Amino acid sequence: MTMINKNAAQLNAMVVSNKRVGQYHQIILNVGDNAEKCKPGNFVAIKVGGDNSRMVLRRAFAISRVTKNVAFGGTIELIVAPHGQGSKWLCAQQEGALIDVVTPLGTAFGIPTEPVQVLLVGGGYGSAPLFGLAEVLNARGCRVDMLLGASTANKIYAPMEGKRSVNSLRIFTEDGSMGQKGRVTDPIPSLLSDLDIAVVYSCGPMAMLAAINDITMQTEVIHQCAVEESMACGIGICMTCVLPVANAQGEISMLRSCIDGPVMDGALVQWDKVGEVL
Amino acid sequence: MSELDLSTTLGNAWFPTPIFTASGCASSGRELAQFFALNEIGGVVTKSVMSKARTGRPTPRMAETPSGMLNSIGLQGPGIDVFIEKDIPYLVSQKARTIVSIAGETVEEYSTLARKLRSVAGISAVEVNISCPNVENRGLVFACDPEASRRVIDGVRRTLGGELPIIAKLSPDVTDLVAIAKGVVDAGADALALINTVLGMVINLDTMRPHLGGKTGGLSGPAIKPIAVRAVYQVHAALPKTPILGMGGISNGRDALEMIVAGASGVSIGTASFGNPTALVTIQNELRELLHAKGFASLRDAVGFAHREEAGK
Amino acid sequence: MSELDLSTTLGNAWFPTPIFTASGCASSGRELAQFFALNEIGGVVTKSVMSKARTGRPTPRMAETPSGMLNSIGLQGPGIDVFIEKDIPYLVSQKARTIVSIAGETVEEYSTLARKLRSVAGISAVEVNISCPNVENRGLVFACDPEASRRVIDGVRRTLGGELPIIAKLSPDVTDLVAIAKGVVDAGADALALINTVLGMVINLDTMRPHLGGKTGGLSGPAIKPIAVRAVYQVHAALPKTPILGMGGISNGRDALEMIVAGASGVSIGTASFGNPTALVTIQNELRELLHAKGFASLRDAVGFAHREEAGK
Amino acid sequence: MTMINKNAAQLNAMVVSNKRVGQYHQIILNVGDNAEKCKPGNFVAIKVGGDNSRMVLRRAFAISRVTKNVAFGGTIELIVAPHGQGSKWLCAQQEGALIDVVTPLGTAFGIPTEPVQVLLVGGGYGSAPLFGLAEVLNARGCRVDMLLGASTANKIYAPMEGKRSVNSLRIFTEDGSMGQKGRVTDPIPSLLSDLDIAVVYSCGPMAMLAAINDITMQTEVIHQCAVEESMACGIGICMTCVLPVANAQGEISMLRSCIDGPVMDGALVQWDKVGEVL
């Protein structure tokens, strides 16, 4: 039996840097040797608000990139949107601050054993883990095309250095303020029929993932998506983060997106039943 | 200090320390085993199990609140048979002392669950979660109805025989908690677990509707600690001989000690594990140090200490 | 935006805004007048007054708790005669709309208090705090006993006649809040105030005894907000025509709006004023802005909005 | 009728400096013009813990000294013992931080109209307001003798510059680590009989104030003491901070130490009934 949370550790990570990038903060944390265990798709759970905080739950953030850094040992990068009190607190942490993290958590993106052609689709800060994923796929010899979308330009996260591992990158904004005007899902049907894509990897809002899945279900293409459900614990003990997923036999059960996800096989997720009683 | 005797008993079950997981806050144990050895703590209280598999309530199932959270899981679980087949052997293999929590929708369902547990090896006690809607009586929660509470415990007692201790878990959402406690003790409960979550609601100001899929949810965490301490104190005053497993918002050693001197023989840690996967061992260590610093030779001496006679009165 | 109609009614009493002090959290009004004009808000709910002067409970009377506090004041006050002579004229002089809160130990005492208020000018409504121990019935709190609650309200209704609206203030520490609410409305309450504090306790780890002089105390503040929202939602669902004055942990405009869409026609602010003497006006301004941002033309449209039918269902 | 809290305002005060002094922190806050209204004996109520704090109540601190500062306008000085979470948070605030304060609150020490001889007695951080008081009394031409006591040396707060307004200063510690070994109350009976003292001013733990009052009650000397009760609001609206005090007619009632105190006439406080039901 595989051990749940088997790579996870709770540790105090130092903030190595914290920079604003558009509407997001790029935060680099020193997690030492633990970085070696972090794979694209995994996430960290962070204690927010300091000692006297009224916030009792951790916040989940995707690990965007993992680096082996000479000065600090291993570091992980997060791309954080200042949303509510907890993420705002995180975005306000300065270099040198110590942060209580549990990492790495959750499933990772599956990497093809063959150098196939893949499509990466990200919405908003959902692009964060895709650049780290692209590096791995690229090293495996895959051809990586990427589509990023958001409502507006400064919600697009697309760092310069990230583009190196990507063969093509197209950007879509709903207001047309960057790249093409429209939705990131618009070009997918033609891409899937024109190119020989084996896997679509996606990360972003649930509605986007569901829309992508509608498209891939018409094809033979595998859809690996990183879902985002509210999580109270991040380690599988609370049962709050569930969504309906079928197994190979077609039996549907409520799986925990923190340990059976966030990366899931899109074809098995019962998108129309998310948020319903089974 | 390592000499300090932390051991405790709930009915005839002995535990090396008074620190337990809270039902529904440690799943089946496996998930926490990466963070500490399950046999290091007093014991694992498993998620309430029902006779059949259940998928539970719709999402969202949680909302954070000031110093607390609401949950609305709806007793999702695999059902007793799968539980006995898969989860108990794991806990036994880890040498974890195990308290199995059961939940039912009818008096009969509780007895059925007890019958299945009777012959299972490796269980230290049964916690009977009576904070469930009684389908036979207008969905009225068992724990809110003295008569229904008694009948559940009575049925479980008869089925189990005298061996396994029964811990009746009560809800604080009642007018007269002591009356309910007395009723279930009369009906055969060896110990009481206090408190289950407090009924609450959060409105989502984006959708302008109740945030949780199940509309209402159970409030847990530090916010409810004063309610839990009051409940334990009141019930211990009325039933000083009945051991209490105290819970509700315990997040550190001081909280645990507060609960113990109020009258708890053991404490369960729920929500604190969500914020801190190593909470149980941290709390256990802090409690040991505090008891030592306060001059107690054993945990037992501290249980109910806040009730001692005032000098000169 | 200044056009947005914030006015509200509780029974036949009209108030320009839905923001009120909470009984016992604004003393007699004078103390807050340095921080804002008392006629700027919806109204002042005075500290519960009894027929005789009372010195209250021993100190310590308060303990801070996670996102909340316990208090155990024991209804210290000057008695109704001094109150009518000294405090009402002050509030009238400030043009503050005044809701007088009364408390008694017997059904008769409530009626006596009502009789004294009948002829006093400048009162908008009477809030009847029934969370008091009933000395005629084993000290059982009136609000925890449906029959005693009814009798108190019935007595006050008969004494007051039909003029002044009666707001019955209920305790959340009951098994069936809706039943108590229905009882007092049947008995003549025009509106309900929900919720009073939740019974709690803190143990002082220095003395190893209950921290408060009165041992138990009432829990208030953000910690209890989910309990209060649930109470208001439940009662509004059962009694949609009865106006509710909602309270419990409201600290900002969002909290106030949550309570209003759950079903409150007005909100009282208690503990938040301790942390922030200008809380009432800040919350009132935030609420106005939020209602505007959400597209409501008036407060009235938002009351109970979370109960609206789901589209397509 | 005098207005309650009539000088009080809620304002954001900047931390001008924060220095450790023995076991205490000397914290100077810029309160602008409001400083002019602060008198010895008054206190401030401070919001602690920041935005997401689980601490909902303000913390009370005596105003130690008031200064008119060229750079900042008016400043007030606090002497803070890091006791629990709230005071520790305050002691951790850095220069430049903005702090939400309500000030000035409570009664002030009464100043004699004639240049009489007075004795000031402080316990622990209770000495804080006494130096500001000494300045005022000194300016009035009073002869000021001061006794300070604490359990141990680094709980004595006695700043150099403060001593200028004092004719004599004697220090007592229970462990003898500074000044004389013993209690600050020990020398008072002989001082009161030897010197022509008109008023004793005291500030410190309640037990010390009660002990001083036992002594002054044997004499004609007036005892003005600053009491310290747990306060939830600091502004008179919660009734948590009460203690039993007699009026001129001998009728005892529960007065609020935040608005009818902290400075009270020791002779009227019913010391033996504090914490009892009347």
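Letters are used for the chains, namely A, B, C and D, taken in the order the chains are written, and counting of residues starts over at 1 for each.
As a convention for this text, a contact is a pair of C-beta atoms (placed from the backbone, for glycine too) under 8 Å apart; a residue touches a chain by one contact, two chains touch by 3 or more.
Source: prediction; values computed, not measured.
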item	value
Pair joined by the larger number of C-beta contacts - A-C, C-D	C-D
Chain A-chain C separation of Cα centroids, rounded to whole Å	47
Between chain C and chain B, distance of the C-alpha-averaged centres to the nearest whole Å	34
Centroid distance [mean C-alpha coordinates] between chain D and chain A, Å	56
Inter-centroid spacing, chain D versus chain C (mean Cα positions, whole Å)	36
Where chain B touches two or more other chains at once, by residue number	66-68, 221-222
Contacts with 2+ other chains: residues of chain A	54-55
Touch-based graph of the chains, sorted into line, ring, star, complete or other	complete
Touch list for chain A against partner chain C, complex	54
In the complex with chain C, residue positions of chain B that touch it	63, 65-68, 70, 144, 173-176, 198-203, 205, 208-210, 216-217, 219, 221-227, 229-230, 233, 249, 254, 257-258, 261-262, 290, 294, 305-306, 310
Residues of chain D that touch chain C when the two form their complex	3-6, 8, 10, 47, 54-58, 100, 102, 229-230, 232-244, 253-254, 259, 274-278
Touching residues (chain side chain D, partner chain A) in the complex	49-55, 85, 89
Footprint of chain A on chain C - complex, ascending	66-67, 222
